[in-house]
Structures are given as structure tokens and as C-alpha cells.
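For reference, chains read A, B and C in written order, and residue numbers begin at 1 within each chain.
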Amino acid sequence: MALTHSKKTWTFHRFIRKFEPAFYISPAFIVLIIILLFPLGYALWLSFHTWTLRTFKQGIPFSDIQNYAQLFSNPDFLNALRITLTFVVLAISFELILGMGLALLLNQDIKARSFTRALILIPMMCTNVVIGLMWRLLLNYQYGLVNYYLGRLGILPVEWLSSPHVAMWSVILVDVWNTTSFVALMLLAGLQTLPDEPYEAAKMDGASAFQTFTYLTLPFLRPIILVVLLWRFIDTFRIFDVIYLLTAGGPARVTETISIYVYRYGFQSFNLGVAASASFIMMLIMLVFAAVIAWAIGKEE
Amino acid sequence: MKFKIFALLAVLTFVLAACTPAAATEAPVNPAEEVATEAAPAEQPPAEAAKPVVVAVWSGPEHDNLVKVAAEYTKATGKEVIVEEVAREAYFDKLNTITATCGKDYDAFYAMSDFVPVYVAAEGLKDLNTFFEDPAVASPEFTLDDFGMATSFFTFDGKTYALPSEGDTAWLWYRKDLFEKAGLTPPETWDEFYAAAKKLNDPANGIYGAVIGNKPDEAWWDYMYYLFGQGGELLNPDNTVAINNEAGVKALTFYANLLKEGLVPPDVTTFGYVEILETLSKGKAAMGIQWMAAAQDLLSCDKSLCDADGNPLLGYVIPPGIKQDDGTIKRHTGGSQWSWAIPACSENQVEAYKFIEWLTSPVGAKLWALNGGIPGNIKALSDPAVVAKIPQFALLAEVMPYRSIFPTLTVSPELLPVVNEGIVAAVSGTKTPQEALDEMAAKLTEILKAGGYVK
Amino acid sequence: MHQRNYHALKIINRIIIYSLVVLAVFLSLSPIIYLFITSFKEPDLTFAIPPVWNFTPTVQNYREVLSTTNFSKYFMNSVSIALITVGIAMLLGTLAAYGFSRFRFRGKFWLKMGALVPQMLPPIVLVVPLYVLFNRLDWIDTRQALIVSYLTFTIPLAIWMMTGFFDDVPIELEEAAMIDGCSRFGALFRVSLPLVVPGMAATAILAFIYCWNEFLYAVILTGREARTLPVIITSFMTNKSILWGRIAASGSLVLIPVIIFALLAQRYLVRGLGKGAVKG
């Protein structure tokens, strides 16, 4: 067949072949670039200038990396970062462990499995605003159902949202409730694609359930766990609505995550230069984490 | 197969959505029975279809009120007014965005005194003097004197940027029955307040001596009464920080002690207006300082407590002050001030001005008051029909001379979160009052310096 | 003897598993059920302690929500915006994912990371520039403004998830089709696409959920015309009160379409997510 092609068509075909990936990838990226070019560019520009609602009419001086430097030397910003990382680590740990447990549970042969799975999905689908308000009602010290039923069990009412010591745990609780199902479903799906032979072999070798889990299941699920970790990190790191409605970052700023900090000190007072630079710092942190995970996933292959 | 269905559904919805007719007004306008129809001078017949004025206000009673009052305006002048409701959570964010970026979403909006200076600095508000001086636009009866002192909050460099509306304050609410039973009179000094709180504090039986509100974004709005009442100030006349002076520390210590000694419910760090109202109306506190607007609820028998004869158990007085040597009580109280402003980039400014001028005129302000609001116009405030309906306005007039609001500086929106966080730190016990205030003062000074208010 | 012990053990095992499942479902759903129940209570009963379970249900809250807000209009807004955004994102994202999955080229890693960037930025930083942009285009308070804004996070989602699903389809299938005379695009369309439909459904549902529940862009970029449902819920939180009854009612109403989606499509969701996730 090749002999019938003229030389021109052959080069044309090779040209197309070389740029073939571009045909598939460019539409999406072109759209993204068109939409984001101005906003991202503007935001980036803002982060290097002093732009506040109060001063921008008098001028928008170039501030070099001052916005960034000021943030890093600002104890409140660093505090918010610390709180966010603590929150992320704790929340994701719980979600992974509980999610894994839930996935193993749902992997068993039970009736109405698909229906149950659908039901468990529901917390993830709620609007953040509703979740925040609903839990605020449930965890209310005086009127919340949680304290009421704890009282029926003889436990003293807990200051879920009003005590600086407990508030962080309450917020973690709500986030875990919200997203464990997502983690569980991803892991469940992974469990269902596991090959049978290694398990049969292990059973014949007399391996215990624990050993099977640790040495067979976990390694097989590694790629899924990593992807779940990535998505959860990105989403949890930016968490805002739920915490804002539950505690508004309080009491005494103990649940003031980085998004709430940026919102309160950057957006509410409309200091866009600072808000932009804080956001880019957040993005860089997430990007580093994402790159690490992506590399870890790549290594697997 | 399913994919095809999905795609078909998407296309169908797209078509349906694209063909949905343009909307009517935000909320169904209810020219309800409550609205007292004033004999308003009908201006011109509903001839030309002028472009409707879009007014933004946040969700809540102010929105419901404006819808009714705006309907009266339309009845009187034939001009259409569209009331746009903005969720409270994002209200200021939206307004900030619009004033900063020359947005044309609204022709007028409900503006808080804290934000007007910075909007002016951002050249985001229309200077109203151009309308005052234009005989074709301003009504002949219009005069800024009707607003008294409030105008000064919105006037910069001789130009007025907003017309004053609600100016309110808070009362000290107290359980008349409990006070009577204990043989106490409503406190006039802070020592009396403390003594009464201690005496009536009975958590075992579900009632606390008092209630405060220490939610992160609302702390100042409760604390200011305690600060001012005990002789403290936020700023000195020269704009240097005063909140951490002796009186200020004393006031914050007093305030924080209320929680420390268990005289207020333990979860006050999550309390704002709503929770204080809840606490008072359910009789869970013997005293509490709460905004005037709560009067409707606190004095009504279905929302609050009444005795067998239908008399409300809650009463209100002016918050305590400091007893002077000659026996009189020196008082200083707080409050907030709202207004109506016109964004600089609105495309319907003349009509917008005519509307807000009417809204804040004796006629409009009276309608506003009769529908549950607080009129900014002094003539409306002292109108007999209004006073008859809302007796607390008489007390408001009395309190006005010594009522302060949060300073109206361009840096005010930046000062507020810092003040809030200091108060919360002291009350929740993470810092001592002195520490919290000194830190607050340092941060405030920095902000004031950046704003050019202090050297 | 052994048989009976084994049997007994199995039953105990079953019991434990079923009780754990019931516990899990209970913990997941009880707050939602609480929300539903509250929506049928008179607002005053919301704070009643001890909680009132024996009450006469009322539709007062729903009636108030539906009459005081232009609910059906905002519902249609939410639906159309979400569906259109998801449609466009799936189209562009699937194409791009195919490209990432099947080809090797320089800069692939960085392009993929770059696609993740919009997802990583907090909406706060983009909302003001987007407002400026749309203000210039006179697109404030329009549905297209939200659709365009939502594409910034749905396209990356689609790209990342669909790449994984395509990775699961053996390339040999396509090569076989191409040897038979199919063009590459034809192979994609006729061979690979049908195999990843479950994955597409899964991704579409996730994207739909993100769009349906989005709040910040919706509240800043829209007004009375293009408003979406999440904004309505917050309009019941005022400075002077929190109308719990209406919040519960509107929250429930907003939840129902998404739940229906979940029940209809959860089969695809699990199978799809699983396959896609393996290869990252």
C-alpha cells in the first residue's frame, strides 16, 4: 500500500501523526487558556502589587515579592497554615482508615449491596451550606441532638463548637462524615478489581486475614489510595464553606484554616494583593504535593 | 444508550432553559394590610416607562420592608423599583466587588457606615451633592437637617455620599418578673449589673444571670456597649488607639469575667444576635444587651415570654453607665448606622437618587418605620403615628446624643476583624485582657498608620 | 461437629457484618434524615429539647420557600448550568484525556500538572478577576458567566479522571480496529468510547455535584436572573434570624435531584471510579 502513496502524502501523514496528540489535547487547553488567561494573569499581577480597596485609586505600586514575604513573616498566616495542615492530616487519616474499613465491609457479599452503596454516597452530594448549617444545629451545645442523646447515655454535654479545645475535632468530624463515603467508594471499586489468584494462593499458604490485607490488598490498592489522597488533599486544603458556617474560624481562631484567613484578612477588607499572593502560596503547596503523588503513581508503573 | 439519553436530556434542558421567559421581580410584592397608605402627593402620571431602579439590600426584615415600601413608591410615582435580595453571608463581598470594579449591577444599595469611607476612597460612590444642587432632580422639601448628626458619618470633604437610614442602638433587656421577685431594680451602673447577674444566676434551674455574644465576627457589636458604658473608647479623638487604656482593660476584664464566673451560658463563643435573642426569649438569661430590632420578638407573646395577663416578662432600659460624684449617671452607648448609597457606575443614577430621596424623606421614612424599620429621618421618628406604634423610638431619640458608632475611617473594615479577634481571645481565655488588648492596639496602630490617620 | 461450629461462626460473622453496615448507613444518613424531618416541623419545634418526634407534619416550610423565592426559575438555572457545563467539560475533557492516555510527548507531565492548577486555586482569588472580565462583556448575572467559570474546574476533573479510564482500555483493541482500516478517531469513537462510558458517567456525576453545589461564584457573579439554588438557601440566614424551617426545606429540595442521580447511576459510578482509579 505504501508504494501507492506519493511522497507528499507520506510527509503529510507523518506531520499529522507527529501533531496528532495536539488535536486531542488542544480543544480543552485552548478553552482553559482562553477562560483563565485574563483572570490568572490578573491575579498573578495583583500578587506583585499593592492593591487594596482603600488605595487603588491613588495608585497601584509594584511591590515585588513583598506580599509574599509579609505573609511568611506573619504569624497569623503561618498559624493558619499550621492549622490547615493539621486538619488535613487528621481528617484524611480518618477518612482513609474509615473508608478502607467501609470498603472492606461493603465488599462482602450482602443483600441490597448496590442500594446500600447508593445511600452511603449521599453525604457527599449535599450542598456545603446545608452541611454546615445542619451540623451547627446538631452540635449546638444547648439544643443539639448530639448532646441530647449523649445526655441520655449519661455523658455530660460537650461544647462541640464553643470550646477552643474541642472545636477542631468537631470540624474534623463533619468533614469525615462528608467525604468518607467518597473514599470508601473509590477503595471499594478498587477492591472489586483485585485479581483472585494471589488470594487463593495466600489462603493455601495459610496466611491470616491481617497478612493478606497488609501484603496483598494494600500494595494492590496503592495507586487508588494515592489518587484518593491527591484529590482529598486538594479539596480539604481549600476547605471553606463548612468550617465557616460551623465556627467561622473560631473560637479564638483555632479552626481558622488558610481559606478562612485569606477570606477574612484578604477578601473582607478587600486587600486583593495579599489575597492573591496567599492563594498562590496555597496553590504552590498543593502543586508540590500533587507532583510528589503523581511521581509516586508513575513509579508504580 | 444511557449516554444518548443523557445527551438528549442535556439538550432538552438547554432549550428549555434558554426559552424560559425573563423573570419578574425578586419576591412577590405584597402591598399587605400592614402598610399604612399615606396620602402621598402623586407626582406625575405613570406615563414614560423609565428604566427601573435596581436596589440591593440584604436578606432579612430590611428586604421585606423595602419590598413593601418600594411598592408604595411605585403606586405614588408610577416608576418601577426592583428590589434585589443579596444573601447576608456574601453581601459585603458583593458590594466591595462592585464598588471596586465599576459594576453596574445596582443603582442603589443599603450601605453600612463602616464601609462608606472606603467606598468613597475607591471612588465607588456617586457624590450626591450634584443632585442636591440640581433643582430638576432634588425635591424642594429636601434638607439634610432632617438627618441630624447622622449626615456627618457620610460626608467627606464637604460632599455627601449617602442618605442616612436606620440608626439604631441596643437596650439592656431584663426579666421584670425575676427582678421584682428578687427586689432588684434594673441596673444603672455596672456594679449593679454584676450584682444582679450574680444574684439571679441559677444554671441548675436553667437560667443564667446574663448573656453576651462572642461569635468571631460579631464580638464587637456586643462588647461595644460594655466598653463605652464603662468609660472606654476605641480610638481617641486624634485617632490613636484608646481601647487598651485603663478603662478599656477594666471593661474587657469585666466582660471576660462574666464567662469565667459562669454568669453567662458556656457556649457564648458561638453566640451572635440570633442566639442572644433565642436565649432571652426562652427565658434562659435574666439580662442581656440586645439590638432594638429584637423588640418585635422580645415583646411579643408568641415569640417570647408573657405572664398570664399577656404582659411581656421582658423589659428594656438604657444600658448602665458610670455614676458621677453628683449622683447623675454618665452614659455612653453604641449602635450602628445604615444608609442608602448610589454606586458610581450605575446607569440609572438620577432615578436612583429620586428613589432614595423619597425613601429617606419624612414620607418614605414613616412608611419604613410603620413596616418595622427604624427611620433615619428625625421628622418621621417623632411623627405621632410612628411613636404611637413603636414607643422605643422615644428612648432612641433620648440616647442619640451619646451614641457612638464604629469609627468611620477608610481603614474601618480592616480594623474590625482585629478588634473582634482581640475580644474573642480575652473572653475565651486564650489571652489575658491586658495581653489581648495590647496586641490589638499594636495591630490597630499599624493599620491606622498605613491609612494615614496617625503618624 | 466441625460443620456446626463453622455454620455458627458464619452466622455470627453475618450478623456482625450486617450490623456494621446498618451502623454505617445510619451514621451517614441520620443527619440527612434529621434535615428532612426538620423541614416538616413547625419552625418553633426546631430547637425543642427534648426533641419532638411526635408532631403533626406541615408543609408550611416548603410552601414558604416556594412562594417567597422564584424557586422554579433558580432550579432551572441550576439544572441548565450544571448540565451544560458537564456536557462541555466531558466533551473537551474526554478528548484531551484520550490524547494523554494514548500518546507520549514532551511536556506531558507538566501539561497534566497544569491542568490541575485551576482546580487548586481557591475560588476567592479568581472571583474578582472573573467579575471584571464578565463586567466588561456585560455577562454579569447571566448563565453563561457561571458556565464559563465552572468549566475552569470541571475540565481538569474530566481530564484527570478520563485519562485513567482510557488507560484501562488496552491499546491493542484500537490498534486492531485501525489495522482493519479505521482511522484513529474512528477507533476512538467505535471501540474505546463505548468501553469508557461507565467512566464518563462517573466523571459526569462528580462534575455535576461540584457545579450543583457551588456557592461563591454563584453569589458574586449572579443576581436575580441567573441565581442558582445554593444561594437561595443562604438567603434564609439573615442578620436577625436563621429560618431553620426554610433552610431545612430548601436544603432538602436541593438535595433531591442529586439523590435521584445517585440512585440511578450508582452502578456506573462504582465500576467507573474503580477502573479509572487503578492507573491514576
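As a working rule, a contact is a pair of C-beta atoms (placed from the backbone, for glycine too) under 8 Å apart; a residue touches a chain by one contact, two chains touch by 3 or more.
Remember, predicted model here, so these are calculated numbers, not experimental data.
The chain with its C-alpha centre at the largest distance from the centre of subunit C is B. Comparing chain pairs A-B and A-C by the number of C-beta pairs in contact, the larger count belongs to A-C. Each chain gets a centre from the mean of its Cα atoms; for subunit A and subunit B, those two points are 37 Å apart.
Centre to centre, using the average C-alpha position, subunit A and subunit C are separated by 14 Å.
Across the assembly, subunit A contributes residues 142, 267, 272 that each touch 2 or more other chains. Of all residues in subunit B, those touching 2 or more other chains are 93, 100, listed in ascending order.
Shared interface positions of subunit C, defined as residues touching 2 or more other chains, are 47, 128, 132, 234, 237, 242.
By the touch rule above, subunit A contacts subunit C in their complex via residues 20-25, 27-29, 31-32, 35-36, 38-40, 42-43, 46, 102, 105-106, 108, 110, 114, 116-130, 133-135, 137-138, 142-143, 145, 148, 177, 181, 185-186, 188-190, 192-193, 223-224, 226-228, 234, 238, 240-241, 259, 262-263, 266-267, 272, 275-276, 279-280, 282-283, 286-287, 290-291, 294, 297-298, 300-301. The part of subunit B that touches subunit A in the complex is made up of residues 92-93, 96, 99-100, 118-119, 121-123, 214-217, 265-270, 284, 410-411, 413-414, 417, 421, 424-425, 428-430, 451. Touching subunit C in their complex are the following residues of subunit B: 2-3, 6-7, 9-10, 13-14, 16-18, 20, 22-28, 58-61, 63, 82, 84-90, 93-94, 97, 100-105, 273-274, 277-278, 293-294. By the touch criterion given at the top, residues 53-57, 140-142, 159, 161-164, 247-253, 264-265, 267-272 of subunit A touch subunit B in their complex. On the side of subunit C, the complex with subunit A involves touching residues 17-18, 20-21, 24-25, 27-29, 31-32, 34-35, 38, 46-51, 88, 92-93, 95-96, 98-100, 102-103, 105, 109, 111-113, 115-122, 124-126, 128-130, 132-133, 148-149, 151-152, 155-156, 158-159, 164, 184, 209, 212-213, 215, 229-230, 233-234, 237, 242, 244, 247-248, 251, 254-255, 258-259, 261-263, 266-267, 269-275, 277-280.
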